Amino acid sequence: MIVPLPAHVVDDLVRRTLAEDLGLAGDVSTDTAIAAGAHGVAEIVARHAGTVAGLDVALAVFPAVDRAVTAAAQVAEGDRVGAGSVLARVQGPTRALLTGERAALNLLGHASGIATATRAVVDAVAGSGARIVDTRKTTPGLRALEKHAVRCGGGHNHRFGLFDAVMLKDNHLIAAGGIAPAVAAVRAQVGHTVHIEVEVDHLGQVHEALAAGADSILLDNLGDDDLRTAVGLVAGRAITEASGGITPERAAAVAATGVDVISLGWLTHSAPRLDVALELLPSDGS
Amino acid sequence: MIVPLPAHVVDDLVRRTLAEDLGLAGDVSTDTAIAAGAHGVAEIVARHAGTVAGLDVALAVFPAVDRAVTAAAQVAEGDRVGAGSVLARVQGPTRALLTGERAALNLLGHASGIATATRAVVDAVAGSGARIVDTRKTTPGLRALEKHAVRCGGGHNHRFGLFDAVMLKDNHLIAAGGIAPAVAAVRAQVGHTVHIEVEVDHLGQVHEALAAGADSILLDNLGDDDLRTAVGLVAGRAITEASGGITPERAAAVAATGVDVISLGWLTHSAPRLDVALELLPSDGS
Amino acid sequence: MIVPLPAHVVDDLVRRTLAEDLGLAGDVSTDTAIAAGAHGVAEIVARHAGTVAGLDVALAVFPAVDRAVTAAAQVAEGDRVGAGSVLARVQGPTRALLTGERAALNLLGHASGIATATRAVVDAVAGSGARIVDTRKTTPGLRALEKHAVRCGGGHNHRFGLFDAVMLKDNHLIAAGGIAPAVAAVRAQVGHTVHIEVEVDHLGQVHEALAAGADSILLDNLGDDDLRTAVGLVAGRAITEASGGITPERAAAVAATGVDVISLGWLTHSAPRLDVALELLPSDGS
Amino acid sequence: MIVPLPAHVVDDLVRRTLAEDLGLAGDVSTDTAIAAGAHGVAEIVARHAGTVAGLDVALAVFPAVDRAVTAAAQVAEGDRVGAGSVLARVQGPTRALLTGERAALNLLGHASGIATATRAVVDAVAGSGARIVDTRKTTPGLRALEKHAVRCGGGHNHRFGLFDAVMLKDNHLIAAGGIAPAVAAVRAQVGHTVHIEVEVDHLGQVHEALAAGADSILLDNLGDDDLRTAVGLVAGRAITEASGGITPERAAAVAATGVDVISLGWLTHSAPRLDVALELLPSDGS
Amino acid sequence: MIVPLPAHVVDDLVRRTLAEDLGLAGDVSTDTAIAAGAHGVAEIVARHAGTVAGLDVALAVFPAVDRAVTAAAQVAEGDRVGAGSVLARVQGPTRALLTGERAALNLLGHASGIATATRAVVDAVAGSGARIVDTRKTTPGLRALEKHAVRCGGGHNHRFGLFDAVMLKDNHLIAAGGIAPAVAAVRAQVGHTVHIEVEVDHLGQVHEALAAGADSILLDNLGDDDLRTAVGLVAGRAITEASGGITPERAAAVAATGVDVISLGWLTHSAPRLDVALELLPSDGS
Amino acid sequence: MIVPLPAHVVDDLVRRTLAEDLGLAGDVSTDTAIAAGAHGVAEIVARHAGTVAGLDVALAVFPAVDRAVTAAAQVAEGDRVGAGSVLARVQGPTRALLTGERAALNLLGHASGIATATRAVVDAVAGSGARIVDTRKTTPGLRALEKHAVRCGGGHNHRFGLFDAVMLKDNHLIAAGGIAPAVAAVRAQVGHTVHIEVEVDHLGQVHEALAAGADSILLDNLGDDDLRTAVGLVAGRAITEASGGITPERAAAVAATGVDVISLGWLTHSAPRLDVALELLPSDGS
């Protein structure tokens, strides 16, 4: 069961996407070539196999163009679908189907691309106990949708922003005089529900981070052997996260080191879209 | 000289990107670990070679976090840069440098990824006379930035949305009873500055489109031989555009057919980001 | 068939118009003098003959005040109506009818005033082949509605803004070193769907504009004889537009010169409103 | 001394006007034909005599396009100016001057048209003691600017909306069972600073309105004789307002009846714009 | 019958309150612990006796979370309720009930706290003829809701802001050279529906304010004897308002002085909330 | 050192507060009674002793009214001040000082009221090791400011919303079939940085919550003895939070039970404002 996007996020994405595509003049092609009274039925199909995400928000596009459109999902968020699968059926005024097409497909294709990429990595580490998580390397304005897409792909979310968890990196540690004083300063000020993660870039810092009481330790750019050693050092006293240049190909090896969490910026900043299309069904001749 | 983004677009992108990352609580890591009075200097660097886009909007992030930050670009939009190049220098309160880092890099990396991908294709067709253009397959909310990035990469923009040019596709043509009546209906209603492009998917439609007075003809999913034939049929009486499944690798062959314009959705929906980073410079010990 | 306003434009106009009239305290007259339970039926009538525009957006005002109101148009956008015509019937809570009255009428009267003015000029040039078009001299915030109104009056739209077509005026031409280099510079940079219009203010520039490849030539402030000469010089190789101080009275003479397009700023910046009113029907005594 | 527009209203008008004209692509003519480094000086001039309004908001357009522009008013809000008068001097990047031109002129021309129309009526009733006031028949989204323009023309403002004063019309009076119960019901509920005006359409209602304690009495569509009689009946116990079909030409006669206030919807819904232009000064050849 | 909040104010409050509580990730507790298909019924109850305000806006929260929720008020705005009273019944998806709970209760509890405090003071002055009114000392962003709550408690509203009535305080009077010139300057410029209130802080100024033609006189920080004297001096020629440090306890004594209006900032800036709760009913076992 | 509000939150609060108070017509009292050229100096003073919060946002009000105003804080966020203390000095156009006064004071007084209330409770538990924290019972639209105010008073923040930490209450536990399955379901789905708190209402549930792996245990409405017992049972394996009906008076006793965190909704929903004022200094007579 995938945690859904909040309604106000869906509304905002739909409104913004449509306003960008329609501007003030609207769909001049459709409004001048297609009769206002024409009705049609269309299917949204996946042209390649993948994992679905963003279908709910994509389908919300059509009634926002014209309330007379009804849209029915044929698959659920997070479902794996084969090439040619029908993802949804949309019907109503033909104009609205064509006008909403690109906005809907851009939302769906982008999110499903991320879900598909995530699913591949999640599958690659299956059985290992390691979680695949996203980062804050998201596309501006789309963090909620992209993190939802990661969930649809079987991944988990890292923090949503600078506001909901602490991550102490090099610069924080240097400025604060080391791991111990940094964690202490932060712990003293943040709320008791705020998780503190410390980034370390060599094994020597792992003990420091543990001693300082870090909730998680981000093992940045370590090789697989060092990751395995680090996991042993930590021994369950903190959550271990591997990060930094982890490609989908390398994920399984990293998972085998025993880390709890593997984060990949690539999922949200560079996954190619899933190819999806809207096909207007021929009206029957009866 | 690259056409810049309008000021209100820059402001809106910056505000939205920061609000998404900072939420209501702000950067709890930095605000609790770094002293308010600390000042620093940072460089934004490219970790891989590429073409720069989005630097202006990325640099606008920092003064939006704290007016005391100054940012100076070291390269211009559209410049090609090598791995390790310094793109900009930013200085001011250390907190603001760290707080704005990810928002700035996400904007810059996304846009520069598109510019870099575009540049590669533009270079591949150099000398051919063919233009590389984008499509409406953009990331929701980022069309202005992405089309700007395509310009930075040496490409050109196709229409910005449904509002600023006509594109008549299958469904429009069927609904209107063919190319001639479709173009006639549209021409009668749209303004005289509105360009009309007709999508054809086999050579037989090219004459029809010409006869109907199309300004451009989109040759959809044709092979190179058919493209060459179509260009000959058109003989300069309309602009010819090749589209549909054109990979960067195939672009040069397509350009050699003589088409005027080659459009690739891939540029904006699937180009991987350019790897960029912010490096805080060590303060000198003097 | 008039191209309609996009749904998000209608919603935004309604919301903004109501917020401006209701503020935070609402309709204190109606809310304190009229019982909450009272229901009524009202008609929106034209007090003078004219051409209707903005009826859709005007009727959307009432359900935005109170979802219980239903509104039914009795005429269509673009219809010519006589004095006393009933344009729509609205029924529901009396409070909502009175509260929405002025917002609805201001939208309708403003747009219909423009449609009516446009219709008069369009009628004046009937049979000539010349199109009557608007300009960018619109009322701030209302460009979409006003350009829609021009369409309702039988006119056509010039470009919507600075973004969707090129117009090269004196200052551009001087700065770029003349018509030829200006057009060349622009053509090299803008997308292939962008129409380029060049403004000329004497006959000598017509050949230059043609030679430069202008798509349209704006003949600014020329007398009728010069307009006729220009049309002959152009001989169909570009679209000709007459502009500058063209009053409704002069339009027919200008049309007779053979120009393709006649633009009048007056349509949108100075047309008087159409007098429209909302009349609450007496409830029957039964 | 004219009451100025609040800063947030100015900012909002400027932002909205520019966004509408620039869209996402910006000023493609200027950005491709004019060099980024070019600087210029321009004057905003009145082509016809009139009264100035909206100059402050018009000048705020340019720095919103590019912070490097400086603008200096040469006249003040409310000043009467002759044809050819220089209203302001603007200098900075030539691109920004041309890009902001139409947005600025549309704001200025619209507001100054209203101020000029108001001034003519105010002058026509000079010496009579009657005030010229506006109505709620304003252009959607521009009420603040238009009411400011009326002030610039020497007029006064009627209520700003449904929220800041009570106006009881026919429908309110019928629904509430007459003038006395209507005023009583309203007075019992609204705050003590809320002014109550009652609309009467024949002399017989004047005593009722007075007896009910109306603060103002709107004499709707009465002839001059009836207006004079009404003023006598009221005898200073309430403010008298003449309204309904009062043309600028008839205003003096109405004022001579002794009414305190004359309201004209025409000022804001149908005043033609004042013709204003931006002229780029030739750069000197030195 | 309480004047309701305008629909756009309700929508805006609901949207803002929910966005603040849900952020981009939504209700992670409920979405992961409660099944999507679960349905429930809940009651909103008052845990203490009080006066209800904000119930309409509170109930609008739930359908904004999920359109499938229906909410039915059991009491009306302004009703007095005892501890344990059921104020509303809400049913639909259990997730939406839990997700909207806090947003709804925060709106309801805040507004009802103000209504309850107002009601107590209104009751304390019952029979005196004095009105209890609010001030502009409201919580930022909530003025409309808080002034509505005061009405629900039987109070009346003072001006809504700086825009809808004049209040001349010390600093205005000093700057303008005294009461008479201040009122004259203001009266000459503001519209005829604008009420002018003058603040006086000793009895000597009462005659001045009356002579200047003030509509209301605010008697600031006067003792009860001075208030009684001032009321006698005014003798019905202006509205008298007592203000400044008036506690609920002192209100009755102040009312006994004969003042028309008593204003208390405390009502909106310091009234404690009414304790309200949402109780999910046990599903029956059938 | 208090974590500051993000710049975009400050901007938004200032804009919203001013727009609410100024509307479209602005400050009609000041703009008609005070000369545009008048300049002044004012002090913001505390009329009662308290703890300062919201001074930064309050001072940002004035330049938003008029950029010519400068404001200088005399104390810092979180400072304790005595009655009569000068908190800031503001100087510039007199109009802007008076126009911004109420907006600034409403922000400052509200936030400082919360800080002052928090400080009293924090002081009451000093030495105990217990933290005083807020809840989600905040005033709609002001959560960021109010949680900042709690920090200024020496308190800490509980979660900001439904999005940044999990709190499992009765209804969640029942619906999920108990504490163990509820925590398991949530833990499996939420990100690794998400803190999970479980609410228990009797001692018997404490072991269950511990066994389930709760990060924190909220001890709801337990008496002091039960709290002490619970703390012993938990023995440091989770964070303990006391909640429910904890008055400022009872806080010390609760703290003495050894709980880690004490949460009080009262801090944000019912703390009275701190009395603050703006005093315009007399201009010297020289």
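As written, the chain order gives the labels A, B, C, D, E and F, with residue 1 at the start of each chain.
Rule of thumb we're sticking to: a residue touches a chain if its C-beta (ideal position, glycine included) is under 8 Å from a C-beta of that chain, and two chains touch if they have at least 3 such contacts.
Here the structure is a predicted model, which means the values were calculated and not measured.
The chains that touch both chain A and chain E are B, C, D, F. Following the contact convention of this document, A, B, C, D is the list of chains adjacent to both chain E and chain F. Note on connectivity: the fewest steps through touching chains from chain B to chain D is 1. Ranking all chains by how far their C-alpha centres lie from the centre of chain F, first place goes to C.
The chain with its Cα centre farthest from the Cα centre of chain B is E. A rotation of 120 degrees, rounded to a multiple of 5, brings the CA atoms of chain B into register with those of chain F.
In terms of their C-alpha centroids, the spacing between chain A and chain F amounts to 33 Å.
Look at where the CA atoms of chain A average out and do the same for chain B: the two points lie 22 Å apart.
The distance from the centre of chain A to the centre of chain C, each centre being the mean of the chain's C-alpha atoms, comes to 43 Å. In chain F, the positions touching at least two other chains are 3, 20, 22-28, 32, 35, 143, 157, 160-161, 163-165, 189-190, 194.
Taken as a contact graph, the chains are fully connected, with every chain touching every other chain. The part of chain B that touches chain D in the complex is made up of residues 1, 3-9, 143-144, 147, 157, 160-161, 164. Listed in rising order, the residues of chain D touching chain A in the complex are 20, 23-24.
Chain C contributes residues 15, 18-19, 22-28, 31-32, 35-36, 64-66 to its touches with chain E in the complex.
Within the complex, the chain A residues that touch chain F are 1, 3, 131, 133, 151, 156-160, 163-165, 189-195, 197, 215-216, 239, 241, 260-261.
Within the complex formed with chain B, the residues of chain A that make contact are 13, 16-17, 20-30, 32-35, 38, 94, 98-99, 102-103, 105-107, 109-110, 113, 136-143, 145, 160-168, 171-173, 175-176, 182, 185-186, 188-190, 194, 266, 269-270, 272-273, 280.
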